[in-house]
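Naming follows writing order (A, B, C, D, E and F), and every chain is counted from residue 1.
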């Protein structure tokens, strides 16, 4: 019990210190409030995967791999390919991560990433059909989180998108009445836009961009917006048990658009992507 | 530990008080030993379901919904449709209910309800076949228990039966070599009889009909019989860790027949069922 | 905590006593270091199974049953039948066994047994094909462990092999464009060799054959080799948290070959197997 | 979100009316009842369009296991669940990833309004059961749960009121229903504490440019405030009026 | 239960004999062995027709986790399980809903006979493993478990003896086997404490009118009493006789 | 193991070279990096042919639940896991029976080298994540984990070094890769503590006669010793050299 009390006291002290700094427009690691950490994107790191990327956002590190197989479309969307994004915080990524099925936070992380890709129309799933109602491409993006230091949403989004940008899928030969036959030829995924997440944390009265684990430990609320390269907001998610004012949401949305452009440039370069 | 002792003492007191009352032919809520609580049956409460019913038995409240889909018959019964009854005690139904997969008591509840419907031949499953060995109707009855106040067996049985009585399934057009095609036309399920459960509890030397949660807390054994409208007993289940005499079982069986008729009238009326 | 300490002291005493005995070439139950317990093999004990055997190795007792059904081959081995070995330490087998899915030790046990059968080529899986890529025999060996007294590896191996040796599978009639049709005729599995496991335990500096539960409680490492009747070692597995010297492994391998012949004779006789 | 164009234009007709006859800034019919479940410490039933949802609260109560209790406040737990018969196709009763995420965001939408610090070392359980689903079930569930929390007598800073806006056939509309959600272009569910206008839930699926986003956001805020009035009326009706219970058994 | 008529008539021939040659009031061959598993505190093996079932008892023993112990009596726990090779088609080893229900009714069938109050704060585990299944495996399992409990030295008021009756080809018969269960019209398994004639298990599937129910009930009671004799003989043989163990290895 | 003959002869050409150009006694290219994960107490990355594997160590640390702690030593726990994208066909992220077995043998391969008695009442967690798999991932994982344990400062008697030998196209070869594993005739992975030559892991799949077994065993021992040199160099480089980290981000 005394251990719990100590934690609370230490946390209060930290929160106090951070608020003092934020009032001066500064953060513990020296960044400005709307300044992100350095983002590094390396692609094709897993040769066996159809696409892959390793992303470092400060000390947060993730790897996304894309596997593509033949699949059967859902009965209610016979004219669309399959796209599934999953994530796992590997137990080697943090002293707090546990092996086992994803917890609610990791499910939320994967689902928000999935929605960003899906709702933006990044992949033209209508072109992933080999024979309507019967054979489609099934695209699985799996993200393994290797080191946790805050803002998994943006790191996982960047890795997912970079991995998809580098993905080559086998071309199939389709003959009437026969199963699809894999050929040696590879084709790119039908990319339509490049959606990326930008996340801010509210600590007391301040919104900060790209929070570290230390900042997340004291943040009150989290807000993520995914923007595409056509001026749209494609996904949004408020998180945690604090609230946000209407103005804070407006600020987060406009920041996401601005900063999203910068992230997009790095991701495209890291993925070697030329439209 | 003292909490446990107190509970035991209180329980003993309650049991004592109840036995005194029962010896006078009375119950805590004023009913006679073979008197059931008021049963209310409302049907078609869930428009999206193919059939549904809400049942209140005193303060016990349950909703049954029927979903019908196309299915494949079991290999050893190619000439029979599918019928599955499931139940969940929702965590909002009681301070003791836990979210999660059904426990042994809820599994027993669903299986006894299922057997009553199945063994009575309520639904002529031979008529649920669209193409033998290939396409059949799959009828799923799910019962959500909303409030627990004793005698779930009879409430779940009444709700299940009422929901089935109101069920309309889509008619399918069957063409040689083609998959079944859903039409707008609706047909009733092929009803053959109306089976209903009647449950009694043994408390000390007495059998009481339709026990409340308070009575169940002190009951020694439970006995359920399902009777149909053709004079048959179709299912039976003794529950709990006490025993029953041969005479008590005989009494329970004859009571189930008698009271079953009354329940049947209410269920038919609530379901708007005319043979 | 005192309970834990007592256990440790008792264990140390036992270990000391056992080491003293082993130094004299003796064991607690009077056996020599390289002497196995009596092995009894009874076959066809489960008439409903396609093959079965009950094996007693000292007080260790297991039953293996073989069920054979029609299956679909794996896409990457369309020309091979299916063979799966599973094991369960039934909770009635030991005060330490728990109901539930197999733990890591039981998974290891089943997988080593499976590898012995598979890698030796005991069953010619190429002959278990009814129609390439479509219909094959699926052979399931399940081993129920009834009483645990050490050396499950060898008992499970013997029971699995004996059950397979006695297995009769239904012959199927294959007509172009039709599903396989079961006939009354029975055929034997295509047996190519008879692989059997022989296990030794290292206790201190000594290797002992066929350890009892008492010996396993103090053993440092375990080594199992599976040999066939053609002079090959087909599978091996070192277990537990101790190490083995190169010489000890060499001894274990040669012992496995020698003793394997004796085990093979008993298993063949118990299974009534004539090549 | 469905096809970003296509035949979705038919979702709004020339008169500016939607498929179910609503104007673009009109809510679906809403009915809220308070205290209808006997065992729960607090409960509410909401009909929101075709949504039929029960919410119940148990607590503050002892926490099991004890080490998951907090020394300075109550632990809020939340389960959003759909009955198997609540959807077009039967829903598997095991919690889906969607239900797990929605349970989380509902909890986080309610927590800012609750004075959990008044109940240290306890737990408060909120159960939201969707008996029939339509578009916007998470918003309807939050609104019902918030009323159930008030009915349970939990100390609250404010109610929480929720409503979605969306983009349908190129237009921003209030309160998206099932068909509009599936065929439309964007869905923006939010929840607020109406007295302070603090936002406690925000999600967005679809494609909105800046102008559309702000318009939709304001529509949703407005919807929340209308829901708030109905929540207040229901609570006043229960505690000061005479329309208690659901005696006629209809859902 | 199968077709309520049809070709099931062939289940009883003109001589009144059943498919396996039994009369309508005849039990299948039964063999009971006591104490055949070394590690268990008590054990029994039963062959009941083609049923081959092991039962074992561990306890009274410490309870984990401790808070599930009871202050005034032992906790009885029971698992009925079928080995994967015990059935016509391979059975998935994970417990089915059927096995979970049967585990419950077996526990409730045994508990009235046990003086659990003699062992407060402990647990007694009963494991019933079906190595080969035939109709009536729950009854055979109860009968074996009851002998295993006696073998474990647990204080008992009485043994528990179980047997089913049923309706086959329009006639009430004793002790329904697998084919009769599948093709017949009703199955009524019961368990009793023979000295007091108290019924500790009763289940019914099928269709029986009043008269049939009472006839079947009496057949089942009679069957239980015959099983009781064999249970007693097996226990006497083990403890006072010379037919211990299962030295020939045959099942 | 695959076809015990067949077209596997092509796995070694007339010059005695293998498909990837190696001689029969040659290891695949190996690269080891130390301390590349920030949060872990110790970590290592290994490339072993096409294997790309991360190993991380957390501990010694408190044990939860407490009753699983040991009074006289640390509890070593180990998870070997393959990322879904690490294999030809996507791997289901839930642990397979194969991964559970390999986690066990890796733990047992590492434990003899660890002075767990120096850390009573604690736990040490070892996580091995296969980002890309090739033949021999368990050996590569053990070698990386052993380096990560050293990096975490856990007291060790020795490193643990692992390598497999096998039989391919009738010949005994060192360090079997994926194709050789699938098409070859035997695989013999071992792990040793190099200073004492004690064997801590041995598994065998396939068919080897006596002579072949001994030759393969010696090949594998030799491979372990070569891996040992690379492990030492990596640790020396990290702690005494200047090639720290993985600053270029390449895997």
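The criterion applied here is as follows: contacts are C-beta pairs under 8 Å (C-beta built on N, C-alpha and C of every residue); 3 or more make two chains touch, one makes a residue touch a chain.
No experiment lies behind these values; they were computed from the predicted model shown.
Participant: By the touch rule set out at the top, what is the minimum number of steps from chain A to chain E?
Facilitator: Step count on the best path from chain A to chain E: 3.
Participant: So, comparing C-alpha centroids, which chain is the farthest one from chain B?
Facilitator: F
Participant: So which of B-E, B-D or C-E matches C-F, with over half of the contact pairs the same residue numbers?
Facilitator: It is B-E that repeats the C-F interface.
Participant: Whole-Å distance, chain A centre to chain F centre, using C-alpha means?
Facilitator: Each chain's C-alpha centroid was found; their separation is 32 Å.
Participant: Measuring centre to centre with CA averages, how many angstrom lie between chain A and chain D?
Facilitator: 27
Participant: How many Å are there between the centre of chain B and the centre of chain F, using C-alpha atoms for each centre?
Facilitator: About 58 Å, centre to centre.
Participant: Return the residues of chain B touching two or more other chains; collapse runs of consecutive numbers into ranges.
Facilitator: Not one residue in chain B touches at least two other chains.
Participant: Give me the residues of chain E that touch two or more other chains.
Facilitator: In chain E, no residue touches two or more other chains.
Participant: What is the shape of the graph in which nodes denote protein chains and edges denote touching chain pairs (line, ring, star, complete, other)?
Facilitator: Shape = ring; chains linked end to end, path closes on itself.
Participant: Following the ring of touching chains from chain C through chain E, in what sequence do all chains appear?
Facilitator: With chain C as the starting chain and chain E following, the sequence is C, E, B, D, A, F.
Participant: Please name which positions on chain F make contact with chain A in the complex.
Facilitator: Going by the criterion above, the answer is residues 37-40, 43, 50, 52, 54-56, 58, 61, 79, 81, 83-90, 93-94, 125, 127, 129, 131-133, 249-251.
Participant: Can you list the chain D residues touching chain A in their complex?
Facilitator: 1, 4, 71-72, 76, 97-98, 100-101, 103-105, 107-108, 111-112, 188, 193, 196-210, 213-214, 217, 221
Participant: Can you name the residues of chain C that touch chain F in the complex?
Facilitator: 1, 4-5, 8, 104-105, 107-108, 110-111, 115, 119-121, 223, 225, 228, 231-246, 249-250, 253-254, 257
Participant: Using the touch definition up top, name the residues of chain C that touch chain E in the complex.
Facilitator: 40, 42, 45-49, 52, 54, 56, 59, 61, 63-67, 69, 86, 88, 90-95, 99, 101, 140, 142, 144, 146-149
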